[in-house]
């Protein structure tokens, strides 16, 4: 798992999610599960109530030796037996005897994973929402800022920068909504005992499951999901999809920041993205980092999807592969979200360059507009033929158009000028931006 | 795309989804889009109403030359220009001029993809629901059929076969619910024109989008999603997750069908899974086929997730990669669903062998049960120590247990016998099965 | 499997490899295996020699009903039993009795897969070599054509277009060499009988294996590799790596072809990549197609890598997933190779625009050059400081440099001019191009 | 990157490769590159020779602050600028000025990655070779130990355990040979300067590259491979393929260790794989760990394959994603190799249970043997018909066979007994084992 203190942390473990999805945080979540279970056992009359409080007093991941737990993972296939040994050494006999009663290692690990996910999703959702707010701001500010719309990286038709931002906004909000749904509905406690029957918990078993779920703020599943991995799969794929959306935004920014395009640049203090030997460079470091995360997410999601084929009542290999991959994915997604927030709040848009680039095709970008304007009079087919002829003419497009009698007759110079004006061929752009902003509405930031 | 007429179709293109997700069906869906668009244009007063009906009269994929469209895809990057040429050849001038007005190639392809997905999901959902029904039947029938619960493929604790079936049931229903949600909420029309502004459609643009969505039974998105690929990603990952759940069921069946285990076998008429040279074999062909599909789904889902990073207003490469991968994934998932339905409706369970296998550890499987029974009297730690000693004794477990004075005092022979009885250590098994069946309830098949 | 006659064939099944990797070609390869085996059995005295010739007379894939074989695949998990039934119907009793003796279904399928791979690699290697030849031509022609070198899509330092082409050349040749190695050394016959012991072939078993390998032009493995899947994995990953290299070339071309950059464009006859409504567009359709293939290859390779974990003497699911994925991968790679060849032989490079774009940073691109020139006199640190100051000055870079006394003293106007001349800061560019061309040497095309 | 001190290290970071592929080791490799470069610059007369030795004196990763480098990675997109700052603080002015001359960040990172790979491959190759030795030992020891060969997890025909081990051996050796080839031929130095021209190094540039390569024990590439990623791709896919082979071995062991099968078990000291609450369990922890690694490798390899599509002279995102994924993959593969070595040197095979399980089908396993024996007399078709009839008879197979007059006439009781004797139907098993051992030969361990 990429650590928030590691060599590549500035790209892959940025923001708070990295800490929330760290291995130490995972240990803390395992401890939180054991405390919640022991409290529930106490309330059910199975364990002495004092045992839970004794455990709570020492249930601190910082007191545990991570390398030792790691070695224990090798001995037993999960870190839980080593964790329990370490805890029992610090507990009195009674508490030591009752801790973990009725649970199996997978219960601890799966519930801890879900808890870590919930905790890491909080900063991820924060950052995504702030990034969406920044998009909304851009959409408002640049509602009318003309820009070249590009398909296959070729100029196609005019848009406004506000529509680009509104499109990003809808994407970021969609990703956010799905992750929020997962946080609320999909993340669930796991408690089933060795084979899912809760056999060691007696008649109060299901109450105990409900109690633990309630304490930990996780959903209560109908059955143990130890071998039905829809929940991890939904989490992993929603994380990867969110990273994909952020990657789309970042790819656009990298392209807009190209030396020849220079329509937008990243913000950032002195030195960010600079090069000592090439002082003219202003590398889009944030966007590059987001793209790097987006490159890594699909493989991790595929790993978790492929791990769904699990044997009998506990898998031999597939299950063990899941959580380390998930922690990496949570960390990467969190890092991408933190960088996307920075990127979108700091981005510097150059309306003049955006406008200037619209001229790159010397009007040809407006061909469809001219054809559309000509169609009522000449029919669509003839209109396209005339426009195409003018476009291939080599001279100035406006001149070549007006030189064709049919065009001149149908539109006249003003008509041609209007048809060549990008601002007059934006279609539903404004309404679409409004739609996006209206949907964003309720979630708009305080300072609006 | 694996064809329903291809060499491997029996494993990878079984059932109706293969036809619904075929390339020919994709062509039909493109035609359906063009008809719906032209109808909407007619209602908006942009095109003559007769044009749509003229188009509808010829909009039949069987009239089109697939290899020719394929070549056209190479010329332009999408099959749409070739499709339009072919259509226009068959239409009168007016209809020819108006067809496709306001749309861009991506609009046609994306909407067609969504339409194909909706049509292919219908048989997939049918098969998944029938498979779930069969699971419910198994859960009811084998509610009390004892079986060994296995973790890491080792006997762990007793379960019932009904609980295994109930677990499968919850998994299949979860996958079904997610796919149904996607069919209802996520599959959406795409219509934005070249860059998403709907510039060529004038003031009625948004009405036309709504009209087309309504005609085709797809959701209307707030903005064009040409470069925000959350919708394809959600579809692809839900398909892969469904295949993963089916893979879990199939893996269990393959393991249960092993020569040494033989607790279950696939049904199927004479010859299914048989071998001419090894007549004793009864290969779990259906389960193998499901697993083969489950092996292929994650890579396809990863492809679609990785393709989310799309440039500007139309991507150069990522977008073009999506739909062929999606058709494959729809086909595979449909095939897996058809095989899962067959597998679960035909599966032959052998209660006697299930019971017999419970004896494989000569009682040691019940160690936890004995320890749990001893705990109130002796404390958990001491109870485990005594059980472990007996387990390692080498003699018959019951005898070794009773030979320890503390055990004999605490439980007596009857107590030990009860603790060694798998049927007495099933915990919440019955309630859990009931829960699963109750959730299934409303959707129970007619013949219940 | 994407068919050469399918809807997306123009992008994903271009060139001859698609036919060579088709399902029908797979059937032919299965037939070729059975003929070779029967011939070997004849020579070993196990089968009557006439049987092989009788089989050879009907061993034509076009005589077989693909949908029927496909249904048979569903019955038995492989197409082989249905294939044998179909053959036996057409054979006399004796030949019918001897066909397939000693082989198992997996032998047929695996050997057919290898044979198909060898046949599909031939056009792939052809196309890759022709693409490399075209690169060599470009490297020669544009050895001195100045161009901006770009890192993170920002101008960094000057290169020549020839160096870009030489870099592509080295990549294409590396990919070609690895695929050629695999064709020669890795593709091997599979023949082991049901469990790899060749039990049904008696004392001549190993001779028969060698004979079949020899007839089919495949390597003879030391043991059957039925469950050791290094060979398919090596093939799949080399295909994906080749596609990755082609994707790199294509990505560069898409970027060079951007409206604002326009340093290169795809060739192609009238209409290729054109848009009827946007006549100014010249879409880089070939590069887009290559990128689309490159998007799909990694997921397929991952599927085949993940399928290496195979059970006992024949896997239940993993093996069955392999060949359909491999056929797709062969088809995609072949299509990418065909398009890369077209792209590189047709590419139109604009030396003037390349040169003009070098000016985009108004000399700042040469900062490192100036600093390097200043270093001997002023030390590296001071040199960089002065250059950075001039770069941030806002005025013309040359002027800002010369205004600093230390710079003027150290280099004088001519020295500054030389340091600002891209042609003087190309380092080892020429030697590197020569190296690449020399390595290419022996394989240079006839017309050179 | 999974750390050798982390929570899951016992499964995913076992053995020495984890340390060799750690982020700290990566930093050390970056330092080693800078020292080698400065030495080469000294020999070329570009830098003062003393500078390199001054740098060598402080070039110790333990002196550097990893979190600080991590933050620097976020500022600049690579850890190199922060590394250089940290170094320069500790160097005199002259050495500080000359360090890193002529190199770009990517040179440092790519060469360090290759160096780390070479260092991590050493223990990986050691472990793989020791695992192969253990396989050879098993193949020798169990050359004649009869076992059931299983296809689709069903008994098919007899093999010997020695053949299973020989098959594993060939697989492990194949994976080893490929990794060794990569260590020797593919791992190469990267040194090209910002855009691959080596512009800042003057006339001695190529000598310097050769010198650095020589010092570091890496190959010298013809051109910089900054954007041609065949080398990382070859490394990653060979690692994943090796993990796949190990996964095959592990899957077999998990299946052999099943409670009902119990033909083999893992070794390991007291407590390894044990369960406190289920003392009868002896979990195949090592095999499970290997499988968990094998689950994670394909996704990582796919990430690196997908990252091959890199822009211009340095990629924005794809390149940055590579090395963190590679370190993870090296660590996982190393862990799998360490566990495979442990598994195969400790494995406990139960010849009696292997033999007993052969009886599970009460002779039906020998059907093909009987049919083969009958074929000369009765023809293959009739032979199969009679065997099939006897097999479906329900009685003891031998009896049912002999009851058919044709069978009795053709073979007699002794003939039937011989045909039913697994030891007489092993085909080329012995020769195949010999082949595998002979290939292993030269590399056999000293103690043989």
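Lettered A, B, C and D in written order, each chain numbered from 1.
As a convention for this text, contacts are C-beta pairs under 8 Å (C-beta built on N, C-alpha and C of every residue); 3 or more make two chains touch, one makes a residue touch a chain.
Since the structure is predicted, the reported quantities are computational estimates derived from the model, not experimental observations.
Asker: If contact pairs are compared by residue number, which of A-B, B-C or A-C agrees with A-D in over half of them?
Answerer: The same interface as A-D is formed by B-C.
Asker: I want to compare two interfaces, B-C and B-D. Which one has more contacting C-beta pairs?
Answerer: Between B-C and B-D, the larger count of C-beta pairs in contact belongs to B-C.
Asker: Averaging over Cα atoms per chain, report the distance between chain C and chain D in Å.
Answerer: 24
Asker: If you average the CA atoms of chain B and of chain D, how many Å lie between those two points?
Answerer: Taking the mean C-alpha position of each chain, the two centres sit 32 Å apart.
Asker: Which positions in chain A are in touch with at least two other chains?
Answerer: 77, 150-153, 156-157, 194, 200, 247, 250-251, 254-255, 276-278, 283-284, 288, 291, 294-295, 298-299, 302-303, 306, 316, 368
Asker: Show which residues of chain C lie in contact with chain B when the two form their complex.
Answerer: 1-14, 23, 26-27, 66-67, 69-77, 79, 81, 194, 200, 247, 250-251, 254, 271-278, 283-285, 287-296, 298-300, 302-303, 306-307, 316-318, 320-321, 323-325, 328
Asker: Which residues of chain C touch chain D once you look at their complex with the stated criterion?
Answerer: Answer in residue numbers: 77, 93, 96-98, 101, 104, 106, 149-153, 156-159, 163, 166-168, 170-171, 174-175, 178, 193-202, 205-206, 222-225, 227-230, 233-234, 237, 240-241, 244-245, 247-248, 250-252, 255, 291, 294-295, 297-299, 301-303, 305-306, 308-316, 368-369, 372, 379-381, 425-429, 431-432, 435-436, 439.
Asker: Sort out for me which residues of chain B touch chain D in the complex.
Answerer: 148, 150-157, 254-255, 257-261, 276-284, 288, 299, 302, 306, 357, 360-361, 364-365, 367-368, 371, 384, 387-388, 391-392
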